[in-house]
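Following are the structures in question.
One chain, chain A, appears in both complexes that follow, with chain B as partner in the first and chain C in the second.
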Partner chain A sequence: MTSTAETTSRPATRRRTSVRAQADARFGLLLATPALILVLGLVAWPGLRTAVYSLQRVSLAGEESWTGLNNFRTLFTDERFIHSLTTTVLYAVGFLLVSTLLGLGFALLLNEKFHGQWLARSLLIVPWACPWVMVGMIWKWFVDGEVGALNAALYQFGLIDSYAAPLSDSTGALVVAVLAGAWRQASFTGLLILAGLQTIPKELPQAAMVDGANVWQRFRHLTLPWLRPVIVVVVIINTIFGFMQFDTIWALTQGGPGDATSVLSIYLYEQLFVYTNIGLGSATAVVLGGIALVLGFVFVKLLYRSNAITEGVE
Partner chain B sequence: MRTSRLRTLVVYLGFALFLIWVLFPLYFTVLSSFMAPSEIGVKPFHWWPENPTLANYIAIFTGDSAPFSTGQDGGIVSSTDAVARLVPAIGRSLLVGVAVVASNLIIAGAAGYAFSRYEFRGSTVAYLLLLASRVVPAIAVVLPFFVAFRHLGLLNTSLALIISYNAFTLPLAIWLLKTYFDSVPRELEEAAKVDGASRLRCLLMIVTPIARPGLIAAGLLVFLEAWSEFFYSLVLTNSLTVPPVVAGLQNLQQFSWTTLAAATMFTVVPPVLIALAFQRYIVAGLAAGSVK
Partner chain C sequence: MDVRYPTAGSFPISASLSRRNLLRGALAAGLTVPAVPLLTACGDSAAKTNDTPGTLSMTAWEAYPEQIRELLASFKNQGGSPVDLSLIPNVGYGPALQTRLQGGQAIDVFYNFAYASTKYVDAGWAGTLNDFPGAEDLLADMFPASAARHRLADGRIISVPYFSAVHNLMYNESHLKKHGISAPPTTKEEVYEQCRKLKSAGVPSPYAGYWTKQFLEEYLLVYLLADGITPFDDKGAPVFADDPRTQDVMEWWKAMYQDGLTSKDVLTADPGNHVTAMAQGNSTFFELHHYFLQIVRTTEGPESGNVTILYRNPGTAGTTLQIGEVIQIGAKSGGQRAQDAWKLLKFYGWKDDVGKYSTFTSWAKAAALLGPYPGLFKDPDFLAAFPSYYDMPKLENTFANQSDVVPTRVAPWYASFQVKVGDRIQAMLLGQADVKETVDALATDARNLAAAGQ
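Then we have the complex of A and B:
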């Protein structure tokens, strides 16, 4: 396009490849276009539309008017919102810690040789395969104060004197919500870390053993640095999932008792579909999306840096 | 010697705790699904059903919402059509899942291949933006979908779910497939091109068969995501697919936990079987999708 004279002055072979390169590029664009249009229409547009809603007041009749940052001001003066924001942070931190540490432990365990290792490796994928909402249902009845098997087991082993109903207690409900969510996410974490562990060349731990390194030293100076990129990914994914959790908590408590487990996603659902407060609900969505975007950005940064480190070592 | 005995002890103790953690919550659901309601909540706890029954499962298939109301057990279940909605929901969940997988493999397959082989102006930026769109939480952008589908009269249809699920599976599938195509050697395609095959023919006749493991992994992950999805199905439809139908059952007064347990099994067993059968593909897909 830029200058025909330049193209014609090039040698014939060069021109042929450039014609072919143009056709290649056209073919690539053609193949990618449906996906690009769909993602623009199905992710970018709803994202922008939500951001616009968050700056508007929408009447019941559907009339929209601009209100600037009013929705956000209302949001951050709403005690229930602040409460749900702090609950979300608590939930996400608990979810991150329990799923990551358990997942790491499972992966280290299943990387050892023992009778039943194949069984354990198969079972590791089972909680991950359960839909989030079903995880909530399973745990709700598992910890139930009247029929639950957890109570029965603790009672029969003499660990408790009477059945407890953790879901009707604010702290208990949050703890159960964290454990239920982590039950599934620890599986995912374990699967990824185990895949990472299996890429460690066998000679490395053996060489370290010959050098007289003990279990902890091998873990600290060999396994952990090797796993660093995987662990960074897992930590960020677990954090994002913790902040966005809806299904499990909804099935367990629907945000209760009271507001005890009403995390941001549940607050958002109620604003939009119970109180039909489009402005406040969308402002909450923007806060939630903002958290995800910031975490995603950190994710890319950290991953880039950890790759640079491993490349520097190799 | 002593350290190796200690190691054995720690490993088997860990194995035992792992088994309890994974299986104990599930065991209670499985156990309950084979019990009559009268056997639930008795003390001492029944760790094995006294009279194992399939009534809970049969009730779901026959749409009988009160399987135990006539027996002496007296586990009364409210008369509702909720159970009757479960079997159609299973069919619809399968339909939505298959449709989402098909559109993902075609659309994301084409895009993934393009990003792997045929650079075009702006392809790098486009690819990075696609990856970034994975971060947008589904729950945060539900309202525009709701408004648009209401406008189009698509609320409460399977089509609404098929369209909206694509929003969150496409970026994942493109990422997975691009990574997979990158690992497929180009020599065969180049040889075919020398023989005069067109680009499209290369893609369909040569690349697609070689890329089958990648396509299977992506297809399975997308299917599991579609089958398990809850929030959009709850909000955009009157609970058309299995997860919200089953979750809705527990809001019904007097609904018996044993029948609910059987319904839970129906939702959990298909994805668990798929995951166990295709474990290698799925783990490879998860690892590629999150690490690369």
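Then we have the complex of A and C:
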């Protein structure tokens, strides 16, 4: 039996704990304030300014006048913008598929035990260590129509009769741009998925093998569901990178030949820094940011749903 | 024991040093550190001139950084102000500089691309130079044709030269002799015929040119000028489109690409690829700035020593394009500070304190760069800086009589036109647009951009 003193002291303790928790929360918020100010100053403020500029006509001298949605109307009636948007979607889809599948392949391979596994795992990080612009330059030389290593290899193996110059062809240039960007991103994707694979308890595949599951069945019904949260994160990151890509494409083709690889970020660059049309450039940034935001939101929703499924199974 | 848990608003006065108090101190410091630059950034970025003499700020792209430092040290030794140098990588220089200036940063002196120079003055980022002592003398010392890059039609002087160059056709003399070609080409038709002959004799890519999107506009002007076609009139109207010879030039250009007389990668290849091709003997002709001859020669490939320059560009007129980048003064420099900055501009873009072209001589030694002053070609130090394979009297003649800066190139809308040229000419070369359509579209682009002031 509980004494009266004990029963009265419990709410008091709870109340004191609650007061303490609130104080801690407030104090924690205060401690986070410097970082919050920085984030707001460096991310939110420029973001807000960009949104405001997208509704204005802005001269280089700093004069601003409201134009409502005119910049967006101009954008969506500009053939070049529509072309860049289409190219961006094509690029992003290719980038997402190649980088994710290649990364998954790398991770599955490097999760197996073999001689030199440590070296292979170390090498996986090399492309990720290269800056995007460097990746563009490396690939430019790799696929060069005169001295490119890819041409040399294909020629030596008798797969081509003469050297090809993919960057001088509209479709070829886009394919190379996708492969170059995806090659780097696959490295990071591989690392994330490999980390996910390491968390699979050893007993699970062993038990599946005892139950007679073959390699494909183990991958399909065990590995893939286990990796689903990681893969959703990977898909979010790769989609955003795909839509935002600039450096690699710029180093490879400057958006050419013609406007074959002119993605939205290149269109944005030209509006801001060549045409110095700050309003239109900001509107492009808002569209590009909006696409990334919507896709991010959708994927996060998917992530929570997949987590719910996993938790439900557990 | 009565333990008090202080809330944020009730700090105990008698509190001793504890983890929490330490964190509070850190909090206060943490709030101050980011707030200061942010508050500064939120301040008025509008132009307030800085009249205070002192260390000047200069922004340049990263070409020969050690040499820039040496020049600035030399400026200081001659009684100039100390200079705080900020270097920006060549790739992305324009956007970086624009962002800094638009953000309100005060820069006293900066390198700029000639095509952006008027725009920067109009935006209030760069100042005019008319009121500085000696500005008129500086322009009077130049080749008359070159001065149009620095003085606008309305009389404003907006920049001084950083360096100048001319487009020339470089060629491999030995290749021509070996394949029975007695003399280098004098017309475009001869260029085409010789390239066909060389191609069938086994030269993989007889003609090399830096035909990437960003540089195609230079080539458009080079090819038009060589045939005596006026690209733009005095008011900047695209009169090239009214000249029937323009279509012939474009047809020639298209045939050179589509008939395989250039490298397959010519639309995306860097100059380094073409230099290598010339040095290795994979190309016979290379059209680019005159100073690339030195690069080809110093590459020391098996054919490097056989490459020379044709000082008259192939075409009925033989005229070529004179290019060059500029240096400008920041609009926020005023009073004595502006005078000090002008002194640096004169040193860097004209003569030093003792009347010598020391900066241009320095660039000539480093990279065979030129300046737009006739006096340079009489200066023994400058002439001695060029290797013997340059024929300096001929180079001078090209500058004085056979080149054009095309003054429209500094119009505020011209950078936008350059982008259009890149897109449209590459599409034409790839066969995605016909010649007439391309010429008409370029003229329309120029008119529209000029009308919009972009």
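As a working rule, the second predicted complex is superposed on the first by the 286 of 314 C-alpha atoms of A that agree within 3 Å, B and C clash if a C-alpha of one lies under 4 Å from a C-alpha of the other, contacts with A are read in each partner's own complex, and residues count from 1 in each chain.
Just so we're on the same page, a residue touches a chain if its C-beta (ideal position, glycine included) is under 8 Å from a C-beta of that chain, and two chains touch if they have at least 3 such contacts.
Just so it is clear, the model here is predicted, and its values are computed rather than measured.
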Chain B and chain C placed together on chain A: clash or fit? clash
Counting residues of chain A touched by each of chain B and chain C, the higher count belongs to B
Quiz item: In the superposed arrangement, does A:Glu112 touch chain B (first), chain C (second), both or neither?
Solution: first
| task | Go through the superposed model and pick first if A:Val19 touches only chain B, second if only chain C, both, or neither. | result | second
Message = Touch test for A:Ser170: chain B only (first), chain C only (second), both, or neither?
response = second
Open item on the list: For A:Ile82, using the defined touch cut-off, is the partner it touches chain B, chain C, both, or neither? Pick first, second, both or neither.
Closed with: neither
Query raised in the report: In the superposed arrangement, does A:Gly255 touch chain B (first), chain C (second), both or neither?
Result: second
*asked:* Tell me the contact category for A:Ile160 with respect to chain B and chain C: first, second, both or neither.
replied: neither
Considering only touches as defined above, state whether A:Val93 meets chain B (first), chain C (second), both or neither. neither
Discussion item. So in the superposed three-chain picture, is A:Ala207 touching just chain B, just chain C, both, or none of them (first/second/both/neither)?
Written reply: neither
For A:Phe27 in the superposed arrangement: first (chain B), second (chain C), both or neither?
both
Superposed model, chain B vs chain C, clash-positive stretch out of 4-12, 112-120, 130-138 or 238-246 is 238-246
Contacts of chain A common to chain B and chain C in the A-superposed view 26-27, 30-31, 34, 38, 133, 140, 146-147, 269, 272-273
In the complex, chain A touches chain C at residues 19-20, 22-23, 26-27, 30-31, 33-34, 37-38, 41, 59-62, 133, 140, 144-147, 163-165, 167-170, 173, 252-259, 262, 269-270, 272-277
Counting only contacts in the complex, chain B reaches chain A at residues 7-8, 11-12, 14-15, 18-19, 21-29, 31-32, 40-41, 43-45, 107-108, 110-111, 113-115, 117-121, 123, 126, 129-130, 132-137, 139-147, 163-164, 166-168, 170-171, 174, 199-200, 203, 224, 227-231, 235, 243-244, 246-247, 250, 257, 260-261, 264, 267-268, 271-272, 274-276, 279, 282-284, 286-287, 290-291
Counting only contacts in the complex, chain C reaches chain A at residues 5-8, 20, 23, 26-27, 30-31, 33-35, 38, 41, 45-46, 91, 94-95, 98, 102, 119, 122-125, 204-205, 212-214, 263-270, 273, 276-277, 282, 415-416, 418-419, 422-423, 426-427, 429-430, 432, 454
In their shared complex, chain B is touched by residues of chain A numbered 24-32, 34-36, 38-39, 42-47, 49-50, 53, 102, 105-106, 109, 112, 114, 116, 120, 122-134, 136-142, 146-150, 152-153, 155-156, 183, 186-188, 191-192, 195-196, 229-230, 233-234, 237, 240, 244, 246-247, 250-251, 265, 268-269, 272-273, 278, 281-282, 285-286, 288-289, 292-293, 295-296, 299
